[in-house]
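Here the structure comes first, spelled out in structure tokens, and everything after it is commentary.
So that you can tell them apart, the chains are marked A, B, C, D and E in the order they are listed, and the count of residues begins at 1 in each.
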Amino acid sequence: MRALLAPRTGGLLALAIVIALLPAVLPNNFYFNVAILVGLNAIVCVGLNLLIGYAGQISLGHAGFFGLGAYASALLTGSYGWPSLAALVVGAAAVGALAFLLARPILKLKGHYLAMGTLGMGVIISIVLNQEAGLTGGPDGMPVPAFEVWGWTAYGERTWYWIVGGTLLVTTWLALNLIESPIGRALRAIHGSEIAAEVIGVKTERFKTLVFVISAVLASVGGSMFAHYSGFITPSEAEFFHSIAFVTMVVLGGMASIFGSILGAAILTVLPQFLAVLHDYETLVLGAVMMSVMIFLPKGLLPSLAELLRRRSL
Amino acid sequence: MSALTVAGLSKNFGGLSAVSELSFTVEEGQIFSIIGPNGAGKTTVFNLITGVYRPDSGRVWLHGEEIGGKPPSALAGQGLTRTFQNLQIFFNMSALENVMVGADRTAETGFASALLRLPAVRRRDAGAGKQAVALMERVGLAAYLGADAASLPYGALKRLEIARALATRPKLLLLDEPAAGLNHAETREIDNLIRSIAEDGVTVILVEHDMRLVMGISDRILVLDRGVWLAEGSAEEVGRNPDVVRAYLGTEFAGSADAA
Amino acid sequence: MSSQFLQFLISGITVGATYALVGLGFSIVYNSSQVINFAQGEFVMIGGMATVFLMAAGAPMPLAIALAVLLAVVIGFALGKFAIEPARGAPVVSIIIITIGASIFLRGAAMLVWDRNLHHMPAFSGSDPIDIGGAALLPQSVWVVGGMVIIVAALQVFFSHARIGKAMLATAFNPLAAQLVGISTRGMLLLSFALAAGIGAIAGILIAPITLTYAGVGIMLGLKGFSAAIVGGLGNPMGAVAGGLVVGIAEAMTAGYISSAYKDAVAFLIILAVLLIRPSGLFGRRESERV
Amino acid sequence: MLLEIDNLVCNYGRIRALHGVSLSVEEGELVALVGANGAGKTTLLRCISGVQPAGGGAIRFAGDDIIAMAPERRVRLGIAQAPEHRQVFGPLSVTDNLLLGGYTRSRAEVLQDMEKAFAMFPDLKQRRRQAAGTLSGGQQQMLAISRALMARPRLLLLDEPSMGLAPALVAEVFDAITALRDAGVTILLVEQNAFAALSVAKRGYVIETGRIALADTGAALLEDDSVKSAYLGI
Amino acid sequence: QAQEPIKLGVFLSATGGAAFLGDPEKKTIELYVEKINADGGLLGRQVQLTIYDDGTKAKEALTFVKRLIDQDKVDLIIGGTTTGNTMAVINEVEQAGLPFISLAGASVIIDPVKKWVFKTPHTDRLAVQKIFTDMKARGLTKIGLLAGSGGFDKSCAGNARALMESEGVEILADETHGAGDTDMTPQLTKIKNTEGVQAFLYCGFGAPTSIVAKNYKQLGITIPHYQTHGSASVRFIKGADGAAEGVRLPAAALLVVDSLPDSHPQKAIASAYKAAYEDGYKEPISTFGGHAYDALFLAAEAIKRAGSLDKEAVRSEIEKTNGFIGVDGIFTMSPDDHLGLDNDSFVMVEVHDGGWKLQE
């Protein structure tokens, strides 16, 4: 019983149950669509939280990786006729390789300077996607063929729901494993004090690079899946504001909280749908909600709520 | 073989020569102390040895192998680690986890096995946990096993750093003012701890201003003044050296080696 | 050839001064709280929009400008008081998210209170270009550059000589110690937000005749201003100026000599290169904490 | 009575660090507070300065209840502290740190006092323009003490002022403290160097896990057996 | 008895990068749906409007279209302020099978023809053609081109490049500027210093249109200056602070409705729209709102003709639109033309004395 209540197993179990039971209450495809977007954002945010929340390295450029993944899938399957899965994997590998090359110089920067560095990286990616219209269709975007593996075509919201849900569950499980391992502790140590981590043997550069690559790969995978699911992509997926949206989800949900990221992704994906009916007041209210959550729950939703609960139960 | 040899080490900050042309040798198993006035360059020497700073000139050998230019993490792998005068605690973790990071030997953990949480990783985790508990008990932090590092009082944090450093199983341990902020009784505990560390075969280099501790525990003492070698010898020799008395000890503590 | 270069340079300096003016606001808030205020661009918008609407309502230009700056100052103060201050002690990223929320909120409010349209403000002293060695310069550019020089000089004095400026810095570096020497850290925070908002509004007013103004004008300017502040080295007013000029001139020269399609990309590449060589910006404080 | 603390309680979240501490300091008195690591000494000083909210009890300064007063107003009343861990303004120069120490006073007065501080710690004078964060540990400690003095406090709170200082300087710091005492400055001194602290203090308190365990004159505490064994290592 | 209302779904970019376009579109739709309902609705039923703002993000657009289809169960969709946002939803609309009228410019939307997809604005291709024709009539064949980085801008520039050969025009200088740029003098200087350039064309909309005009004047460039219907708003003229004088652009007749001869077929409808809009919102019309007007009434007419809300019936009635007089022009659609406008529906105008002057 105790083990079930532990954040790891209990959380995973809860997530699995939610994913399994949600379809029963989702009335139509639109809701499935929102759920899928929640899942895709959550996959990216789980990776990003490893980078920002655990290792303490901020990135304002991850939409760039998301966009690259999306375009890699679109181009390789659409223009070059590759199998979808191969395109996804190769895209992720290429993005991982790019992240690996960028990691060393960029992660030398600290704090706000790192934010600037990653922001610049993301902006450059998004400019390239915008300008290379011959390849990417420019700002008008490009269509993406359906996801196909071994003759089976992933089609429709319900199918994608299970694909994304499954991927999210696996991603969460892997991420939880990672943060509980020595590698996860090393990441948090880097956050705490880079120099102290070094002198007790943590190769900080290596781990910073590692987590940067992991988060980039997850963003790329999220992008690829999004591209196939939506069937059409534009460079706005890679733009700065999308990066900000990811970071906001992570922070709102709770830094260094895997389940917080999922919650953050869910709230910031669903909330605009609720607010859409407010029309002119939509932006205003969205801004106000973001501010209030962070003011009243400064550590992010999940950690702050957990703390409240703990205090209650005492 | 000597545990550490330093030759001609120099470091300037802007116009200031923090360490200049410093040479000394620490024999294996020794407790070697570096003392000197505030700003003499003691911490800088630690920073240079451990690769936190790059020396302007000079060479360093660890157990006979030259280590110049290596990053601190590589040196930690070779059995060289330290504590900090200005605490460097992972405040975002629990006290126990702080020590576990030291015990982890992260370089040896495979990425894939960590992702999948293979039994090897679990065993390693459990091992690190046990080791960390034992070390916290050893340094007298048994009361804080479940605490967040951020909630520990200053004196406890100093000991937490020692426990974390010990967790890396060092052969050469550099302690920067471990007794600062401790009262006499607590200092005595640290005294015993350092002795027991040395008894385990670890070479210790100690920077400390508590002369009772230094004079009583050191096999050999190096005195620095304004970055320059001033004197070296046994506690007795150093304590009697008039230059040292004038520059550092002040009359009050002169010859306090006898008292300890 | 040389008049062409001169023209690019004039363009770069004008644009750079714009970025610098926006970047200064980032520096000020950073100087009191180590927070990046992503709502800074919105104060630029508020300055321009408020002036335009006040003028439309019949206020003479100087009065409209004064009221617009005052409005921005009040909003900046309110932002500090009701959004940032209650969250003090929260992690810096959390506070940054608050400022992002604030920028969304202010933009939404501007669209409601004013509108989503493009507005134009007359140039302060006509729009007949001045000829400089074959290159043309708009009088408003002189206003922008001049305004920037005055503001930056004032800030330089404020932070390096006035005790209250130092107190603001101290609050950012170590709020605990600041309190212990009798600095009202709350007061410093509010002061810096109000000051940054005011300077942002002045920037918005100075550049509105060039850029036009609309509810979304602060977004890109905010981003570029942030870049300027970072490249120059956060917290240093001179840095923001240097950073703004680097970015502005890089953009103009790239557009002129390399590729206008990739001019922003090249500008960001230059920013990255600068940071890789000087990880805390051109004029940034070097690492001053030690172990 | 300049400072009167009555039944003060202080919590960090769920952890109670002070369980009803009562203590007083008379005008012109030097009072020492000793105790083991984690006993709550720093917490007590933080409460007096107002940077840590009190959870109950009363703090009276010169007769006024200041328990809810903002920290900066307490400095204006005359309470200055040289905090544990030094807490200098890292990127600012030594001079700027000192100027800010006298934030509540006129610049001219502070400049005068600064010369006195430089006379006490010549090392600081030499490094006037250096960023405080790059000073050596001991130099930073000198700066922290000097900075607190710049406020010309009526009550000076010193949290382990001898920490990290070379022996010769420790002696000097204690000389300085006695000189301040003799000049009529009221001082509440927290020290691990209990022997030195109790030697110069008129009265002393021993704090144990958030409670005052003993209170007596400095001389009497020095003779107390439990103090001897626990804090003096004798 | 109360009849089920007709459900009209709309998604627009009322905020974000294309807010200049989306805002008047939204206002127009809201204004006229209210009018239609006040006049008794369509087929005796009220029109229930569901309208979403996609913030100029393709991902949002798709989500809102799914919402319109699956959740709100609308009968017909109008929207897609930008080409990207339109293209992102086409798949979904085609699969769901319901009539969709886009308000975006690019020709890819209807070329190739998609069964359920229509659009009302002139394609930028038409605009560029019109401009080139006008240039050639003035003997200008060597041009300098500047375009922004948005979807409209790039598509327009792309069309210019695609058409230059067939139209006998040569692009000697080809420049772009970034989103949010506030100074285009470097690009214009380059164009100015390019040997042989006889005319200048700017592709873009929003604030940059005015900035380009100002910089153009600042640099003392005197060759003819063309912009596109993206600048067809008095805000362009006002923003340019006098520098827009002499700039030529193709626009819907709406823009110069007051100077149209009474015999012009669009005069009545365009003046009515102008009056209603300016009265309702106290701000000058733009031609973007006109796209929304046309889309709304194309649909309304088709529903009336179909006499039901049967999706296929409405769709085929839209396709059969013949001689519908709209603000943008006179629409005649067919199974292989889902736009139904030709070049004539554009007029060339020139900025004159701070207003628009119709060119012959």
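FYI, contacts are C-beta pairs under 8 Å (C-beta built on N, C-alpha and C of every residue); 3 or more make two chains touch, one makes a residue touch a chain.
Keep in mind that this is a model prediction, so the values were computed, not measured.
Engineer: What's the chain with its C-alpha centre farthest out from chain C?
Structural biologist: Using the mean of the C-alpha atoms as each chain's centre, the farthest one from chain C is B.
Engineer: Among all chains, whose Cα centre is located farthest from the one for chain D?
Structural biologist: Computed centres place E farthest from chain D.
Engineer: Go ahead and note the Å separation of the Cα centroids belonging to chain A and chain D.
Structural biologist: 49
Engineer: Rounded to a whole Å, what is the gap between the Cα centroids of chain B and chain E?
Structural biologist: Centre-to-centre distance between chain B and chain E: 73 Å.
Engineer: Mind checking the centre-to-centre distance between chain A and chain B? Centres are C-alpha means, answer in whole Å.
Structural biologist: The answer is 41 Å.
Engineer: Using CA atom averages as chain centres, what separation in Å is found between chain A and chain E?
Structural biologist: Centre separation, chain A to chain E: 36 Å.
Engineer: Identify all positions of chain D at which a residue touches two or more other chains, and write them in rising order.
Structural biologist: As it turns out, chain D has residues touching two or more other chains at 134.
Engineer: Of all residues in chain C, which are in touch with two or more distinct other chains?
Structural biologist: 111, 223, 261, 264, 289-291, in rising order.
Engineer: For chain E, which residues are shared contacts with two or more other chains?
Structural biologist: 15, 149, 176, 178
Engineer: Which positions of chain D touch chain C when the two form their complex?
Structural biologist: Touch list, chain D to chain C: 49-51, 70-72, 75-76, 80-81, 83, 87-92, 96, 99-104, 107, 131, 133-134, 147-148, 150-151.
Engineer: Which residues of chain C touch chain E in their complex?
Structural biologist: Touch list, chain C to chain E: 4, 7-8, 10-12, 14-15, 18, 111, 115-120, 122-123, 127, 129, 136-138, 207, 209-212, 214-217, 219-221, 223-224, 251-253, 255-256, 260-261, 263-264.
Engineer: How about chain B: which of its residues touch chain A in the complex?
Structural biologist: 50-52, 71-77, 81-82, 84, 88-93, 97-98, 100-102, 104-107, 109, 111, 114-117, 121, 124-125, 128, 161, 164-165, 167-168
Engineer: Could you pull out which chain A residues touch chain C in their complex?
Structural biologist: So the residues of chain A touching chain C come out as 52, 58, 105-106, 108-113, 115-117, 119-121, 123-124, 127-128, 131, 195, 240, 244, 247-248, 251-252, 255, 280-291, 294-295, 298-300.
Engineer: Enumerate the contact residues on chain C facing chain D in the complex.
Structural biologist: Going through chain C, the ones touching chain D are 163, 166-167, 169-170, 173-174, 176-187, 285, 288-290.
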